[in-house]
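One chain, subunit A, links the two complexes that follow: it is found with subunit B in the first and with subunit C in the second.
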Partner chain A sequence: MTASGPLIRLEGICKSFGTVLANRDVSLTIESGKVLALLGENGAGKSTIMSILAGQLQPDSGAIYLDGRQVILSSTEKAIKAGIGMVYQHFKLVSAMTVAENIFLGRGGIWLNWSRMHREVAALAEQYGMKVNPAAKIGDLSMGERQQVEILKLLHRRSSILIFDEPTAVLTPREADNLFDTMRLMTASGKGIVFISHKLEEVMAIADTVAILRRGEIVDTLAAADVHSPAELAERMVGREVLLQVERIPQEPRQIVLKVHELQDAVLSNVNLELRQGEILGLVGVAGNGQKQLVETICGLRRPAENTIRILGMEWRKFFRKADWERTLAYVPEDRQGLATCQGLTLLDNFLLTTRGGFVRGPWLMRHLAEAKALHLIEEFDIRPPDLAAFAWQLSGGNLQKMVLAREFYRKPRLIVAEQPTQGLDIAAAEDVWNLLLKAREASGILLVTGDLSEALALSDRIGVMYNGRIVDLFAVEDEEKVALIPQMMAGLSTTTDRHLATF
Partner chain B sequence: MTFEIIIALLAATVQSGTPILYATLGEIFTEKSGVLNLGVEGAMIIGALTAFIVARFTGNPVLGFLAAGLAGSLATAIHGVVCLGFQGNQVVSGLALTILGVGLANYIGTGYVGMSAPGFQPLAIPGLADIPVMGPIFFQHDPLVYVSYLIAPLLWLFFARTRFGLGLRAAGEYPAAAIAAGLNVAAYRWLGIMVGGFFMGLGGAYLSLAYTHLWTTNLTAGRGWIAVALVIFAFWRPGRAVFGAYLFGGIMALQLRLQASGTQLPSSILLMLPYVLTVLVLVLSSWRKGTSEQPGALGVNIEPVD
Partner chain C sequence: MLRMRITKRQEPLGIGGSCFVLLTALSLSLLVSAVLLYLGGTSPIRGISVLFQGAFGSRYALEDSILKAIPIFLCALGVAVAFRLKIWNIGAEGQFALGAIGATWIALSFPAWPKFILLPAMIGMAMAAGGLWGLIPALLRQKLRTNEIIVTLMMNYIAILFLDFLVYGVWKDPTSFGFPMTPGFSEQAIVGKIGATAVNWGLVHCLVLGTLVFFFFRFTRIGFEIKASGDNVRAARYAGLPYDRLVMLVMVMSGALAGWAGFLEASATVNRLQPSIMVGYGYTAIVVAWLARLHPLSIGIAAVLLAGLRVGVESLQLDLQVPAAFGGIIEGLILLTVLAGGLFTHYRLVPRKH
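Moving on, here comes the complex of A and B:
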């Protein structure tokens, strides 16, 4: 039962996309019978390293050793043959087919023997403590059951290394517990597991070893037994050193632009906050603790209960009914290539997406006016290439983000919701974005949602910490005692009883 | 008397339904792999002409029949090159194949208009042909009709009971899953296109070697399009395709009988009947969209992995 030893070893893996370094000198060892947790925020490089293992991406440099011999995983097929199986976050299952059909896809002889297939699947499921009906259509199954089918697919192929990409994101707590039981059965039979997550308690519960990734690098590898509290992991994961000094001149907060009062839904519970013009409220927390729901509700993508949100003094419904294109709300979404821009449109058209209200005369769009304005903005915000006819997809992440900010700030918003505004950007571009946000603060209130604590500390006047759908605490950034407790709050630990753990 | 007319009408239904059945099953095979081929009409007419010419010069209708299948595959291979080789738009490529095929066949066939070729003759199956009602309707036809009886069950067997059928369906439903399972999606789609084209060519051959033994301009007369519509009507199931093909065959046969009986209705109205039914069928089958069994990735090209 304690069969162990290195199954696969990664050494010095580097991978970059254009100018963005996704993985820098990553070395990992996956052992038989052990669970290795890869911990890191979104964009820390977890998916890249995983795609390399699955044969979907090729590293720029570095080597992979399987049972001591170097292998080149040049395709998914090769990775499968090498015994590496991946449970994707987005399941690779054909929903029109049955469980057994999905498991036997690409396997077996010419003829399919249904009763034998069903028997084999049922036996395998039972061996690992799963309850799956082999004849059920995937489309009729819950997310947890679909995940079990994904796992069964790999077990049936006798994969020796199973990689789970944020497996609990789609599961109910009970299903997550079942998954952990299954994982324990798998390690007991000698399989090696890589568990990718940013949920600290889960990592603490299941992992033998924890590797922490930040900005593409492994910043720490520790035995789970040596980790005393999730707060320790949180601190290492988000980092606290301020990478760049940005100058933040305190502003006199003016009228309230956003008021959230006892907002409640499936994820959020009793969220209260106030945001005034002239301040930045940094909302931090491990991703998936309700930040997305809160932002989407404030920005009009989800409907809140009545009288829970007031924007610029108006009730939510009334505000969105009469929202003008300027001097109102600007949303800088995390998904800048999907929600913020249209990849196949030019910069000018993307500029007009939210500002067209300012360039209409009757039914006509005054494109030449928009062109003059947009050109001016491109120069002011230093967007490259400085060409209005360039398509959004031709721009780098940083330039695209600057273009989104230019467009949104042109609307002279009084409330700005910025979600992960520097995620995936290089330092220079991030610094530009930070300075732009600080400048915009003079005229508006900014809700900054970020997973990067140093960013939040550098920019915010006040900090809110989210955990499990709640805002655990809201405090001024000058309150050093509270700031020191942020990792505990992010990990959901009580900040009154565990104060002695605040060693940083 | 009326009873005999009905039997004769039903027998004619089977005959005029057979070419549509071949083409529909071919298109089902192609679409199951995720490729939408609107070039059925083109592949059919190229098959029809090839069958006619080969049979006329070799004197052997069996050779003509097989050659028609190969010609159908060859024609649809153009679609494969465009859609699988170059990720071209499947709708446009299919339409182009229809226009190309019809034009090419009519052009090459100009010299053969009105000429005849040795075709297949009715061959009653001993025993079965004597069953009352069923015998005359189903078992007193030419051999190509009997071959068509076998294709639907064979396709069902292939889709449901073989590893390759499973792979083909996965390639059409969700290529990402097929790729994750280590399957070669492009190869399965090529298989879908080529085998589908083979059946479409056979459907054309039925028109020039069995239904008539003549070559005329526009021999297929829109049957390829009916096949495309029937695939939707059949919910991509070979069994339902048989039912649909005979439904259309029935309307076509009825329309001919009505014309021959000297009805007052203008013939152009009667000629419209099958196409009116096509529109009706499409409306009715899209009504229950929720339960449609359209392959999930139908018409979506697979992007090459970089």
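Moving on, here comes the complex of A and C:
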């Protein structure tokens, strides 16, 4: 096992949920002693492929080979026995128990030999350069230390393949450096590592091989040594080819519907933008560079400093105090299940969630009036099942998104904030959404936040690029010179001067 | 051995299935109770039959069960309103006490007022006092981020001690030979009995209030907003629902309904204020609300059932010398089995394939 060579091989893995292809013909090789980075935007299919490896999901077709023999990982137990270990983003530790207890949890046997447990854990930690006290309670540890316990758990089981799902998301930069040191020690002892991330610098720093996933497919597999800059990765990750044909008729921009002026918070720094009725402003960037904070602030979920945001001519506070349900702001969030809908309520009640203002007479809610409208929308948007009494949790992701879009467009908004509106939709449904957005543009200004550059380029009149909490640049989509520089901007490489190259 | 696996249902469980699960759960809790009776040296069959006879087997028993079901129903209706918003009001007991105190205050201060003014005034004060007792934890929760479970629970003890303070002190009846109780209410301050039965008009109050709560959730905007916010707080903020205000509102409604129950208990049942009215109806109400899945009609059924249990256990104690604590055990068992059965509304067991 110490010699380098393929540990596990995926061949032609396909997996679909309903009409959405989450993985299409994915082939990967995980080698002993190497770090394979899996790069892709949210929803590109990274988690699906890893869940298949961890035995949580079964592929529709394709095969998995372990040391050259085909295996079927029908359960998580089988995956663990096959030596595949996952370090999840959300740790699975018992916080009232000690480090050593957590590591030995579920390992069988009746008698506990405390001194031997502590000795083994300490030796293992030492071997991989971790400083963990086996007797410490999990609840007292930092996020970085907890992650080390998760890793020790896998090492103690002698897992030969360790999968890290965005491991640095919860770490401080210093802790992240420690993690990379540990990873190098692990590969030196012959383990194979899969590193899932969308942080380009980290991928460049640690990976031997980079596989890039987009819309469920591996679009590229390249040796890290051949990658010269993060911009190259960004470009491959977001794609450039226009895979959609939508007709965008130029509109005369009219009054300003959204004005953000020197917005600052813990993440954002000095964000300025203006959005007019009749235009789509596409905000692109690698996830986690402040898009979420900006959108949540504009849409009323975070409180900005006074006089930094004006919506439809009103100061933020006044807008959210006074705003009517229709002809104002509609927000189509990325998180459909957790934010845009109530999973335990019916379709009708979910339809009423933001449109209830239109069906109120005094204290009463006129459900029968809403029913007629909602049925009409279900038909128009082809939402399945076409049943107002169905619960939101029974709908697939795509149908839920169509429901949210139907509801939000019904409000005839003047300002639309659409966050990853086509993520998880099949191509036909995505095209419908694109056409809807273009049509809505006639009456409203649209802020389109997306990780899919081809989507942004096809729909937007102007493009803004976010990096590290700032809007690096804002330009018309016709400006080909700037468009060509988008990957550099997304990777944080300065395009005007060469003063601050991203450090990693 | 057959190994089972839990999988999520694609369709929610229908009415028939739900009833089957509920009946199975109730039978299971009775079965375990029977085993406990047997272990305690009592014939289980005799014990269970005495329990049912004592609860519903005679006119007197049935009337007593319904009498006890009235305060339980109103308290349960109250906590159900708060539970809809996932605000865990454990304070019905204290809000009930405050309601009784508020009603008593009016009854003792203005005994000569005519009935049609005095009773509404007592109800109004009972609701205000109970509502205030509910509002305090709501304010603390939204302003200072305290945990409403702890605060409402602690405020129960404050309320009960305050009631004791009044009946042992300023409100004590000078002719009561030292017993802690207020003077009896005037004729105008008493909610009477229905015809020749032992059941008071509070039963009608329950029917009206239960219907109102049902309509409130079914047809009003605020009822909808409470339901939606209870399902997903983040979606509530997304949709601009006034969550803070809804929390205050449900706690006031919850407290007011429990306060109404306190009014009925003081006015109709004992005709005065005395510590013996505090027998844990507010806690039983929590069990009732959960058993009924917060639905007003089901709360009515569950309230009669658990009130009957209280009455039946008295017979069990008299006839078969079974300790009174047995009632609490059955109540707990019913809650456990029914809640465990709730798993089947969203999941089902399938045999594991190899």
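Just so it is clear, the second predicted complex is superposed on the first by the 480 of 504 C-alpha atoms of A that agree within 3 Å, B and C clash if a C-alpha of one lies under 4 Å from a C-alpha of the other, contacts with A are read in each partner's own complex, and residues count from 1 in each chain.
One rule holds for everything that comes next: contacts are C-beta pairs under 8 Å (C-beta built on N, C-alpha and C of every residue); 3 or more make two chains touch, one makes a residue touch a chain.
Nothing here was measured: the structure is a model prediction, and the numbers come from that model.
When both complexes are superposed on subunit A, subunit B and subunit C clash. When both complexes are overlaid on chain A, the residue A:Tyr331 reaches subunit C alone and has no touch with subunit B. In the superposition on chain A, A:Tyr65 makes contact with neither subunit B nor subunit C.
Of the two partner chains placed by superposition, only subunit C is touched by A:Leu365; subunit B is not.
In the superposition on chain A, A:Glu77 makes contact with subunit B only, not with subunit C. Of the two partner chains placed around the shared chain by superposition, neither subunit B nor subunit C is touched by A:Phe475. Of the two partner chains placed around the shared chain by superposition, subunit C is the only one that A:Leu352 touches, whereas subunit B remains out of contact.
In the three-chain superposition, subunit C clashes with subunit B only at 217-225, the remaining stretches of 1-9, 181-189, 217-225 or 253-261 being clear.
Common to the subunit B and subunit C contact sets on subunit A is no residue at all. Residues of subunit B that touch subunit A in their complex: 160-164, 166-167, 169-170, 173-174, 176-183, 293, 295-296, 305.
Residues of subunit C touching subunit A in their complex: 10-12, 219-225, 227-228, 231-232, 234-235, 237-240. Taken together, the subunit A residues at the contact with subunit B in this complex read 56, 76-77, 80-81, 86, 88, 92-97, 101-102, 104-112, 153. Of all residues in subunit A, only 299-301, 320, 323, 331, 333, 338-345, 349, 352-354, 356, 360, 363-365, 367, 391, 394 touch subunit C in the complex they form.
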